[in-house]
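So, here come the structures, one by one.
After this come two complexes, each holding subunit A, first together with subunit B and then together with subunit C.
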Partner chain A sequence: MAPSQVFDRRKTPETTATGQVPTTRSRRRRASPSLIALAFLAPALISLIVLRIAPAAVALWESLFRQSLLQGGTVFVGLGNYGDLFGNADFTNALLVTLVFSLIVNPLQIGAAFLLAVLYTRKAAGAKIWRSLVVLPIAVPPAVSAVVWSVIYRPDGLGNSFLALLGLPAQPFLTSPQQSLASIMVLLSWIGIGYWMLFLIAGINDVPSELYEAASIDGASAWRKLWSVTFPLVRRPLAFVLVADTVSNFLIFAPVQILTKGGPSGSSNLLMYDIYTRAYTLGDLSKAQAEVIILVLLTLIIVALQFRLLRSSDAA
Partner chain B sequence: MSAATAHTGTPRRRTLAYLGLSVLGACIGLLFLLPLWWTFVNSLRPGGDTFRYLNPLQWETFFTATPTLSNYAALLHSDLGLATLNSVIVSAITVVVGLAICSMAAFALAAIPFRGSGAVFIVVVVSFLIPFDAIAIPLANLFRDWNLQNTYAGLILPGLGNGMAIFLLRTFFLAIPKDLVEAGRLDGLGWWGIFRRIYLPLSVPSLIGAGLTLFLFQWQSYMWPLLNGTDSQHILGPIALSNLQGQFNVDYGVMFAGSIVLTVIPLAIIIGFQRYFIQSVSTTGLK
Partner chain C sequence: MNLLGSEDPTTFAPVIAAFKTKNPDITVKYAQVPFDQLNPTLQQRLGAKDDTIDLYTVDQPRLSQLAAQGFLEDLSTLKEQTKAAVPDAQYSVNLYQDKLWALPVWNSTQLMFFNKKSLDAAGIAYPSIDPAQRMTWEQIAKDGKAAQAAGTQFGLLLEQVEAYYQLQPLAESLGGGSGITGDKMLTTDITNTGWEKAMQWYSDTFSSGLSPRGVGGFQTSPLFTSGKVAYFVGGPWDIGNFAKSDIDWGVAPMPYFAGGSQATPTGSWSWGINPASKNKAAAKKFLEFASLDPAGNLATTDATTIIPANTAATAHYLPKLEALGGAKTTGLANLIAHENTQTATPRPVSVGYIQFEELMGKAFADIRNGSPVDERLKQATQQINDAWKQL
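Up next is the complex of A and B:
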């Protein structure tokens, strides 16, 4: 592997260094390793604490207060903002929409990613080329894909041309309360399936081929092999994909902001967009902060579940 | 292998399966390519022609006999062109500074034995578990108070400390034999020398993987630049593009050309470093 090569390359500069600096060496030996480690860590630690943890802490703190017009400042309201949120029709709708969205889009994407991973690991002409076409959309920034699909979804756009080719009537897509969320799901699947497929292909390639041969000798059908050999052996990457996909789908923002603004009539109002409108359009920052905390907690719960899942699949 | 083939069926059936899988794979692949291909073709024709060949579908929907680069030329002088340049600047600085910061932290976590390394690692993990987009709004409020709104620094800073990049690099650094550290010390190297002369040269593949992580984080971000940098000087490509889409009089040709440019840049980088990209993906999945 690489170490031996680089070891040789390393030797030349160091032999000169040895001669010069015996004093620095002894001085460095005395410096406490904790201090040195801290110096190495400081830039990253500061940026992580200030730019990730602090805003979460600030959101948590501010979610416990409320602007008071009477007293002209902020007053402590405890969990009042959270209580108000759950009594707020827009928020409960956004929560419901996000839940429905997650329950549909995640199985859809992961199922498709798994089947495609199986398809593209079989021997077939040009499998690598077709596979990379499926992966291609991951290079497209989310905002760009939303803009492109906004044209596809126009009444006179590419989407309806295809429906016409199949003899189907034109659909309203984004302007229909029944179709807006589904339209966003299709766009997100176009982006996401290839990405998640990469993890599953890596998992499938790790399955020893002797297992398939053994199953073939036992006369197992292709479906049977898929279900009894491939599926259990890629459980680990599957569990990872399940959690990572769920978390990323909780945080969908660009397509909603660009395509539907949460509408029509709240039908595509996902949590992230609801937080955004609450903070900037409605200007109710303390409730928006409470909503941020709810979202962070939701994702943390899912990640915690991941660790449980992975541990139990290790044990099995 | 011969035993396996004997049981999978007759050669004729296997050829049929081979053909079927090839055709199916090709159809699905082309279907995924279609939106991007259509975008590309439309970027090569005047904006007025975008909807001309859509009803009914015809070969000209997906091909053009008279390609023109005029949309790309127009892009050069547009706000979108400037915004794309901003995206390049912001991403490039993020990768260079972010790699320095993250690799130093990963080195301290992987190579230097010190008390409290467990606690530091927990901070890294926690910060990595808090999704950035979720805390973007409270952070944007802080940045407004700190006068970082509409500055390059404001756009770049959140991309620098990346828990995922630290994690990737730490995993790689842990695999470097400790004997090398000892040898380095005997040769008179301090920790900085060990980091610069031993760890970094050995870790080029994982540095590229981490660099890709940092780059994609910044290039794909939408919410943060929308909250923090929307004046004409600091606007980033994706924001400028979506602003264009919201206007009444859209030149679709230029919009599609901008979409292609914003896609081709990361695509070229991913393809160029494909091997490392796949590597970092599989490391992430295996955790």
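Up next is the complex of A and C:
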């Protein structure tokens, strides 16, 4: 509605001045508001199609074929690549590792980011300095932080020196199948918590202070205020953080490539890394495309589930 | 004509200039693609029969795949000439199905470096640089432990801890072979006694603390130059850096297993001609200059530290390399010449080499971190066979 009103009002003086009322008006009217909206949206839509939808469609199409290096041909195999993948121990292991990883790392990062956001929005001495320190790791490129952490995690590195200082036994970190995934989670949280905290701080700062005052007058404890005032009112930024963090954690690649190469014994072989090895080192592009499709579907299902849960709690 | 490779343009400037002086009518233009993009770029452009690439650098283990795909011009007419000009191992790696597909330009080998201060502290004699007095791995492990007892943090470290290039000789020395056999070179053979014994020994060096776990490729040589390692197995490319470091070091032949055969890594880059090229004659002329002509081959090493593939060029080059390390590397030229011709064991020529190398790398990493050896080698066999099915 609004655009056409603006449009008409602008045209009125012109038409009266020139006297060309019928032709101009009818021609202008034909450009309907939805066409104009489409024109404005075109750059975004075109990039969406070219950069997102087309590659996904190509991946889906190519995942139905198989290329042979020696025979030099391409054969249609239908869902054969998918069947092969689910029969492949390395792939099923990567799928399992990715699910376990997501199940632990997302709540951990969001919980910590939320608590830190609450902490750093309190008016305390040096809160802003502490906040900056937590946010600082974002400025370090992921590949560089992975290299830094590889030194920390070395058996004779900083991590074990620190443990020794506390009188704790040395840990194998990245060289143990039991600890490698957890070590990667710690590194990612070191970067991620500060980043997601920023969004939550913005949300918390938007909560009107009167609500806290009212709660105080009612005699609510700090815990009660956090649970009954802050938490419900930051649900929107929290929902964004939940979805964005989940998606970004499904796409983790650089730390795995630099620190563990998926090992030891496949214990940190996340799907993104498995796709990379399959496509570029094993040269099996078709199966890698099938794996991309599986990863996209998995992400979509989990994000849809999250939206559903958030919506039902909105209604409640 | 156009040359495509992954080296910095300054590396090939001397050979291009030297060629131009001899052949003023041919201009060579060099284009660089970063190493990790070289293979995808070649796959794409050669697959599309792009005629703007005339000559390109070929990573030797990838040669058979490129030849099988039809991305290399048959150079079999140069067989005799090549065989005469380069060491045997550098000739055979360029053959696939009895045809010659590329000419070798660079070569490599491995050497054992030792930390003199560390050995002095433990009262261990320095190993000799004479290949006739090559040490055994068993002795190195024993001496390395003694050095550790005398205060050095680690006894032994291999530069490329998880790379097939450096670990193949362990299995070869115990008679395990390269790991690939069969007429088509597509049969995995890594669960034989030789491989199992070699990998068990390698696994033990980590579980006993002789070698450090968790130290990656780019951290290994700094560990040696900081004096924390007694014995270090690395390449000729380390000599320049080690010469600049503060520690006192020496160099000896890469060890072998007692009673086993002597095997050392070899191989580097060859160059090959694009079958779709329109300047094949010029490309071939330049290729012959850079590989078969000693002066031309030597010019490819002017701006970098790498062993030239041509035997006559190597003879000129090695004294220069030896001088780089000063008194520490006296005898190095003889040692490398010996390894090139007597112990060099090339990586297997197989269309499935790329998958093999990648999956073996993962197996080496797991074995290093304590995975049971025979189980992990069986798993690797399964993974490699699986990856080869799609070929």
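In the analysis below, the second predicted complex is superposed on the first by the 241 of 316 C-alpha atoms of A that agree within 3 Å, B and C clash if a C-alpha of one lies under 4 Å from a C-alpha of the other, contacts with A are read in each partner's own complex, and residues count from 1 in each chain.
Quick note on the criterion: contacts are C-beta pairs under 8 Å (C-beta built on N, C-alpha and C of every residue); 3 or more make two chains touch, one makes a residue touch a chain.
Everything numeric in this text was worked out from a predicted model, so none of it was measured.
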item: First, second, both or neither for A:141, with subunit B first and subunit C second; value: first
item: Greater residue coverage of subunit A in the superposed arrangement, subunit B or subunit C; value: B
item: First (subunit B), second (subunit C), both or neither touched by A:173; value: second
item: Contacts of A:56 with subunit B and subunit C, given as first, second, both or neither; value: first
item: First, second, both or neither for A:262, with subunit B first and subunit C second; value: second
item: Touched partner set for A:161, first subunit B, second subunit C, both or neither; value: first
item: Partner chain(s) touched by A:150 [first = subunit B, second = subunit C, both, neither]; value: both
item: Partner chain(s) touched by A:282 [first = subunit B, second = subunit C, both, neither]; value: second
item: Subunit B and subunit C contact sites that coincide on subunit A, given as residue numbers; value: 150-151, 154, 156-157
item: Complex interface listing, subunit B residues touching subunit A; value: 1, 3-4, 7-8, 18-19, 21-22, 24-26, 28-30, 32-33, 35-36, 38-39, 50-51, 54-57, 61, 100-102, 104-105, 107-109, 112-117, 120, 123-124, 126-127, 129-135, 137-139, 141-142, 157-158, 160-161, 163, 166, 176-177, 180, 184-185, 187-191, 193, 195, 197-198, 201-202, 219-220, 222-223, 226, 237-239, 241-242, 244-246, 252, 255-256, 259, 262-263, 266-267, 270, 278, 281-282, 284-287
item: Residue ranges of subunit A touching subunit B (in the complex, touch as defined); value: 2-3, 6-7, 9-10, 13-15, 17-18, 20-22, 24-25, 28, 33-34, 36-38, 40-41, 43-49, 51-56, 58-59, 62, 116, 119-120, 122-127, 129-134, 136-152, 154, 156-158, 160-162, 164-165, 190, 193-194, 198-199, 202-203, 212-213, 216-217, 219, 236-237, 240-241, 247, 250-251, 253-254, 257-258, 272, 275-276, 279, 285, 288-289, 292, 295-296, 299-300, 303, 310
item: Complex contact set, residues of subunit A against subunit C; value: 66-70, 72, 88-90, 150-151, 153-157, 172-177, 261-265, 277, 280-284, 286-287
item: Interfacial residue positions of subunit C with respect to subunit A in the complex; value: 40, 65, 68-70, 153, 212-216, 219, 351, 354-355, 358-359, 361-362, 365-366, 368-371, 376, 382-383, 386-387, 390-391
